[in-house]
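Have a look at these structures, which come just after this line.
Okay, so chain A shows up in both of these, paired with chain B first and chain C after.
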Partner chain A sequence: MKGAVVLSGLLVTILLATLLTMAVLDLADGDRARSVAAARFGGEGTADDAMIAVVRAELGLDRPFLARYADWAGAAVTGDLGQSFVTKEPVAQILTRAFAVTAPMALAAFVLGMALAIPLGVLAAVRPGGVIDRGTVALASLGAAAPPFWLGLALIGLFAVQWQILPAYGAGTVAHLVLPAVTLAVWVMASHTRLIRSFMREALAAPHLDALRLRGVSEFRILTRHVARPVAGAMAPLLTLDLVGLLEGAVVIEVVFARPGLGLTFVEALRARDMAVILGFVAFSVLLYAAANAAADVMSRRLDPRLREALHV
Partner chain B sequence: MSDLTARRARSSLWDAILLGAMLVLVVLAAVGPWLVPSNPTTTDFGARLQSPSAAYPLGTDALGRDQLSRLLAGARATLGLALIISLGAALLGLAAGLAAAAMGGTGDRLLTRATEVLQAFPELIAALAIAALFGPSVGNLVLALVVTGWMRYARLTRSMALAIVARDHVALARMAGLSRLAVLRRHVLPLILPALLVMWTGGWARSILAVSALGFLGFGIQPPAAEWGAMLLDARRHMVEAPHLMWAPGLAILFAVLAISLAGDRLRDLFPFDEARVA
Partner chain C sequence: MSDPILKVQSLSAQIGDTPVLQEADLIIRPGECVALVGPSGAGKTSLLRMALGLDRPARRVAGRRFLLGQDIDGLRPRALRMLRAGAVGFTPQNPAAGLDPLDRLSLVWLHTAQARGGDTGPAARAAALAAVGLPDCGDAFPHQWSRGMLQRFLIALTRLGDPALTVLDEPTSALDPVIAAQVMQQEAARAAALGTALLIVTHNAALAEGIATRVVRMEGGRVIGDRVARPGVARRALRCASCPDEPEDRVLDVSGLAVRRGASMALSDIALHVNEGEALVVLGESGAGKTTLLRALAGMVPFTAAQSRIAPCALVLQDPMAAICPAHDVVTAVSEPLLAQGMPRRKAFDQAAEATAEAGLPATLLSRLPHQLSLGQAQRVCIARALVARPRLVLLDEPLSALDPDAGAGIAALLGRLRARHRLALLIVTHDLGFARAIADRVAVLRAGRVVEQASADDFFAAPASDYGRALVNAGRRLGALEAAA
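The block that comes next holds the complex of A and B.
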């Protein structure tokens, strides 16, 4: 029952968000047929009225807004996001190809960032106010303040220009993955270390841990069962922000490293005003966000039984 | 006892440093363009891509423009616009949150639903689309980042206001004959402001990163005007010939964001509230 409520709320949000996106894109786009015709036939002012009329009919722009939205949404449900206005390639195909470039980078960055954040956050929490604690907080603050596009440039300057040991631009090999993944991993590390630290502190201060110690439960078992579990429960909802943060980070970082992933595809579509690709990408990111939100909700309920009682719609 | 005194002295020194850093940033944001040693848009093709020297302390860019002057002039764009954007978003969110809490019923549900729909968009992606598609200009940049950034303040304000309205002192004020508006202004708003202030410092820092990211992607402040992110875009084009160009703007953003975030941390210590659980 409650699952159905959550799911329908999710669908309404996605529906309204995509409707809004299409409305804003229409508003931003004075005369789309004219710009598409110009893009396709080269240069402003080269397309005559007949060409523009052909393009307008082809794109269905002579039809009312809601009818066009219904068409788009109906096709989108079946996985058809229309065609790029510039290259005529199916948008779903463009996004799938770009996703295959972004996903390994995001995954590598997430794994690397968490591999740093978890030990740092745990060590910092063990002795609050100690040298490790303060050093960790300083490192995390510095990492969060460094603009990722500048960090990427600095890494290119050192590793690709100065020492010439790693490629600066492009994608395809593992070597191409290193610099962008490291840049994005700094964001992952910075945004998680302090959270893990504060969740750990809270979990370590729980009074029932002393009761467990009195009963003779081993320190290892306390850490793995009674501290790790609430920390994991507190972290789970943040995974949604991670997915979106990784996607947002990819936008900037892929431009820096010229990696043809989702982010670079989006920025290039914005430059070319390729509304079909823009709409497809925004719809994809809204769907990703909404689905991850719902998944995180379920996960935190499983990990923290206290939340199962609380109504959270 | 002496340990406590030492800690107090240390934290008041730290407060003074943070306050000083914030002052410097606000002054730069306000009058940066008037502090320049030379015109930040004057080109000198005889002095392209020069390394730092006595005449040009931070070197020159590809058009022979003085980097120090561009850095100072760019402070107003990056820091100042981010300040305006974060204040705009905070005020809009405060107004929307208070309105939702005061109206209750259908009005509240509609406003809450609207913030939910807007929050379904990743902030940077939505801002990028708006700024790029409506044409790069200062007005559209501010609009894009305010429209995508006010919801967190609205949610915080609404949930805090609803909790405060349920308290006894609000009921007493109503019984004493104060109007709804007066109660909101005098008995609800003052209790929300500290939390909003803490959230706003984070917002200013985020806006600096957003303004410079948009500038770097070419959708923000346009040349010849100087902006730190746009300066990094220039630096990227000349990575090989003039790698020194990327250091000053990048470090400027880093230090500004770091100082504001640390000041925000300190404010959070002074006015503790649990952002994750309230908003």
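The block that comes next holds the complex of A and C.
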């Protein structure tokens, strides 16, 4: 019963999001048939009127908006996301392939970034105002301020052009993963170091820690148990959403490093007005975020007993 | 004379560059029960923390401190931790500050029993909790218990392994008077019987004089007095001379009032009235439905009633700081009810300034933010906000419980003045029997969601009719909050 409510809510969200996406793209200027034809036959101005007419009829772009949306949605609920307007490849296949390129990069960046952020944030919080604290804040500010595309280009300049030890662009091998993952990891490190630092300071100031000290609990145990748990509880929902954000938001990085992942695929689909791919991408995003939210809920409830009752209401 | 359990010699301490303790002395011997009293900011908490070696945020500048004869400044951190865990049982003022919200109560119990060498078995635990009137904690987490229950849990926890020194910081703030008297007498008896000692930090003068053997008074970071306790302190009367009970003068008249909570009833068959200018005090144990009653009368909780006539009224909540938006300055906070009615800003601010002055706050405070106020000042802001729309009835939930005795006496006097000047009616929920005796014209006793007794204050305090009323009045006499029976 409860699962049915959640699933129908998810379905409505996906339908609304895709309807809105289609409406916005429909309202945008320009002829979609011309964009698709141009993308198919290689460049602006190469398609003549006859070709454009063929494309228009084939994709049903001469039909009313709602009829086209109903066609797409009807097929989508049965799991059929259609074919790319440009390459005629099934959309599900395009998304799967792109996901397989993006996921390792996002995961590597996330793990690397957190591996730096956790010790830095903890050390900074334990001695506020100390050398480590100030150094960490400076490093985090620098990392947050450096634009990823600039950092990516700088790394390419050093490692691929100057020293020639890593490939500058493309995907496929572990070596291809290093530069984009490091670029993203700097952003992860920068934003999470400061979050962990402030959550830690809050947890360290909790009044019950003194009561624990008086009951004989050691400082080590206070840190590893009574401070770590609330910090983990506060971070859990942010982390899952950030992980999804990395999967979706790696557009700039994928463009800089020419990696055919989700971000680059989406940008190309937008450029070509490839509606089937765009809608498929939006539906997939909503699903990912819903999954992340559900995972965050479960984790929060495991980490904080007070939420177990609160979230059931 | 036996060796002291705790000895502090001319201890001075600072937070940053601000002195918080100046040459403070404190000696506690076996079998003693010492009350540490003084207004907020007197340094009571600082002395307590420093005496036990909690050197943050304050740090020691000069002086020495001994626990069980050992100089704690000569101990390694681990040795101090072990000594303290075995020798000291501590219950903080706010029970939430005594427990990690993520730990089950049973786990806290187990760890403490292990650290102090007490009995770790579940039967011993159930017996120890029953001694303070609690059920066994089972698998419960702290948030599943009320404040009063957690405070009793912590007091039972301090008894584990019979530590040489038990420290109770404001032990009765979350307890109703019957439980408070019972628990405090147990504590005093234990100290005397076991040769252990009790240190109570309190705002409650009646508790200090009634339970303690010695009263140490602090002010401005110094110990300014150390004397033998004097049970039975007199209280000043705040009541109005006479309030005739005429139906047309009633500002509140309800009967058959009921509030449903889930499948059970939080309140049922409540019949109450309050006359113009009259103070009705509602007494009752934790969980009796006192706060729910106020919230229902203020329209915050839906209720059913056979009859209900409620004049325009205002509610003053229990925690003054939590009741003011931290981002609003005093004048904005006080003018809120007027702004909500659509009154122009300038006019609302003028009336708010007037109400604030009437609540006894200087005009210089009007632009302050809540965190820049003392608790007593914050309570006055809440009262000013309740008055600003000129209600005929003010509902107050524990108006003194957050305040030190000086600030509390000020608020009590203010309430007495306001009712005399505006013929304002008051409906007050309180655990403070001294305050109740001083201000009440009539008393109603609430128990398990029902009114079990309603009488004039003089009749009630002379000869309460209900069992719970008798228990309350007896507890008040034992604690010294009420004069002994004639």
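Throughout what follows, the second predicted complex is superposed on the first by the 244 of 313 C-alpha atoms of A that agree within 3 Å, B and C clash if a C-alpha of one lies under 4 Å from a C-alpha of the other, contacts with A are read in each partner's own complex, and residues count from 1 in each chain.
Definition applied: a contact is a pair of C-beta atoms (placed from the backbone, for glycine too) under 8 Å apart; a residue touches a chain by one contact, two chains touch by 3 or more.
Keep in mind it's a predicted model, so treat the numbers as computed, not measured.
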Both complexes share chain A, so when I overlay them there, do chain B and chain C fit or clash? clash
After the superposition on A, what does A:286 contact: first (chain B), second (chain C), both or neither? first
Per the contact definition in the header, classify A:149: touching chain B only (first), chain C only (second), both, or neither. first
Just chain B (first), just chain C (second), both, or neither: which does A:212 touch? second
Residue contacts with chain A in the superposition, chain B compared against chain C: B
In the overlay, answer first, second, both or neither for which of chain B and chain C A:6 touches. neither
Output check: A:252 vs chain B and chain C. Expected answer is one of first, second, both, neither. What do you get? first
Please work out whether A:166 is in contact with chain B alone, chain C alone, both, or neither, and reply first, second, both or neither. neither
Contacts on chain A seen with chain B and repeated with chain C across the two complexes: none
Taking the complex as given, what residues does chain C use to touch chain A? 49, 52, 54, 77-78, 81-82, 84-86, 88, 90, 92, 94, 96-103, 111-112, 115, 141, 143
For the complex, which residues does chain A have touching chain B? 13-14, 16-17, 20-21, 24-25, 28-29, 141-142, 144-147, 149-151, 153-154, 156-157, 161-162, 168, 244, 247-248, 251-252, 255-256, 266-267, 270-271, 273, 278, 281-282, 285-286, 289-290
Residue ranges of chain A touching chain C (in the complex, touch as defined): 207-208, 210-219, 226, 229-230, 233, 303-306
What residues of chain B sit close enough to touch chain A in their complex? 116-117, 120-126, 128-130, 132-134, 205, 209, 212-213, 216-219, 229, 232, 235-236, 239-240, 243, 246, 249-250, 253-255, 257-258, 261-262, 265
